[in-house]
Amino acid sequence: MDESNKYQFELAFKVRDYECDLQGVVNNSVYQNYLEHTRHEFLNAVGLNFAGLFNQGIVAVVARADIQYKYPLKSGDEFVCRLNVEKEGIKYLFHQSIYRLPDEKLCIKAIITTVTTKDGKLRVFKELDNAFLNVK
Amino acid sequence: MDESNKYQFELAFKVRDYECDLQGVVNNSVYQNYLEHTRHEFLNAVGLNFAGLFNQGIVAVVARADIQYKYPLKSGDEFVCRLNVEKEGIKYLFHQSIYRLPDEKLCIKAIITTVTTKDGKLRVFKELDNAFLNVK
Amino acid sequence: MDESNKYQFELAFKVRDYECDLQGVVNNSVYQNYLEHTRHEFLNAVGLNFAGLFNQGIVAVVARADIQYKYPLKSGDEFVCRLNVEKEGIKYLFHQSIYRLPDEKLCIKAIITTVTTKDGKLRVFKELDNAFLNVK
Amino acid sequence: MDESNKYQFELAFKVRDYECDLQGVVNNSVYQNYLEHTRHEFLNAVGLNFAGLFNQGIVAVVARADIQYKYPLKSGDEFVCRLNVEKEGIKYLFHQSIYRLPDEKLCIKAIITTVTTKDGKLRVFKELDNAFLNVK
């Protein structure tokens, strides 16, 4: 079964040459930029804002990033980054994947675990729950 | 007179949060990424390709980057990067500017001087002249 | 027991301001740069070379990066990145951790799984085994 | 005459593989990171601090970066970034250059023009003058 049809949010990108390293493919760390940007655009899409939350003292923190590299992206490749979020205790688990376009080749499969803090302490914010978990 | 109406190519972008530094604005070096990506997309638009040229041994090299920082971009800002190219001897001068959207506030004004080499020697390639200078 | 005393290789760093994002801490993706640079310097230390291997067609590929973010690094922080490598089937598992200096505060704990390929096919290279596994 | 013997500050670096792009050399934008980091370490050396100034509302802003690319750095290259600062009206001009080691090959020659602001307005701060201009 192809899971790529079920997701709460997706964002399209195109590889930029400066993101490629001397192996001629996107550098491993750059995928985390793609994943982060997709999460932040997802926040925007559900009415929240990363920089805005930060200015209110609400800090969304990545506690763990578990990224499987399935297939490398190259100069000029177009791709989508897809996202689902679920709650587990006080954590949000973002299930994120990157598919090359137009052939839907799976490139990245990741689970990014985040927590939210205020004044340095772990806290749960109802507005995030509402925003995240009611999206279909 | 607003020069922003005269250009050979433009590309739209949106600031990504990871591009901002601890001052909360886009880091100075990141504008060079924007400018480079715009030049490479311009190459594509005129039927050339940076990675492809490189694989043929044709290396486009930046000899000088003169960048004026007029106004900073912030998290979430949308902007366009505009480009004109002219030839001066064996050099191509890329006149590039970045305007925030939708208010067309000028953020960056740059002249990027490039030369082309093959096997480490400066050379002029007719296909680049044709591609660059016939675009209107 | 403090595991920080047992490792095959370590490299010292200092946070650079451009590595910090608008939260004022090192951006999550940048830690992968630190981890990668440490692995490549480890290669050098055992007589191998990432770019050199690549030029021989031997490509070391990250198959998985599992990174736990324990404590953030800030502008100006000094730190060490420590590394142990073990073999598991055809994979090398790099156990890497980042400790802030001078207080040895644990910031990052990661397992980076790599494989090696030649001409796009998974392969094991005796010279890597010898180089990696005889280091104490 | 070799100017490389006269400078107020220098910082040693080593190229990291992730800083190289698909041409196999350090990406043009990365040199701006090296130049910025050198300026910030120079601030530290003269008793100032970029992040600290920022937290007091004193923002050092780059108004112009004029960078000449003389020779590319490659994977593993070691180099120094040297710096002189002079005052011109309300601006500080940082004359910065990058030399490869150990052969002192000139790679980058740059003039970075900065201004300082408080609450968004251009201002001159005596502590910066004292710190910058009394260094020999």
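Just so it is clear, A, B, C and D label the chains in written order, and each chain counts residues from 1 on its own.
Rule of thumb we're sticking to: a contact is a pair of C-beta atoms (placed from the backbone, for glycine too) under 8 Å apart; a residue touches a chain by one contact, two chains touch by 3 or more.
The structure displayed is predicted, hence computed values, not measured ones.
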Practice problem: Please decide if copies chain C and chain D contact each other with the same set of residue positions, more than half shared, or with different positions, and reply same or different. | Solution: same
Exercise. Specify the chain most distant from chain C by Cα centroid.
Key: B
Quiz prompt | chain B and chain C: spacing of chain centres that average the CA atoms, whole Å | solution = 34
Self-check item: Mean-CA-position distance for chain B and chain A (Å)
Solution: 28
Self-check item: Inter-centroid spacing, chain C versus chain A (mean Cα positions, whole Å)
Solution: 23
Exercise. Quick one: which residues in chain B touch 2 or more of the other chains?
Key: 17-18, 20, 22, 24, 29, 33, 36, 51, 75
Quiz item: What graph shape do the protein chains here make by touch: line, ring, star, complete or other?
Solution: complete
Exercise. Report the residues of chain D in contact with chain B in the complex, numbered from low to high.
Key: 22-23, 28-30, 32-33, 36, 51, 54, 59, 61-69, 72
Exercise. Would you mind writing out the residues of chain C in touch with chain B in their complex?
Key: 17-18, 20-22, 24, 27, 29, 75
Practice problem: Give every residue of chain C touching chain D within the complex, in rising order. | Solution: 16-18, 20, 24, 33, 36-37, 40, 44, 49-51, 74-76
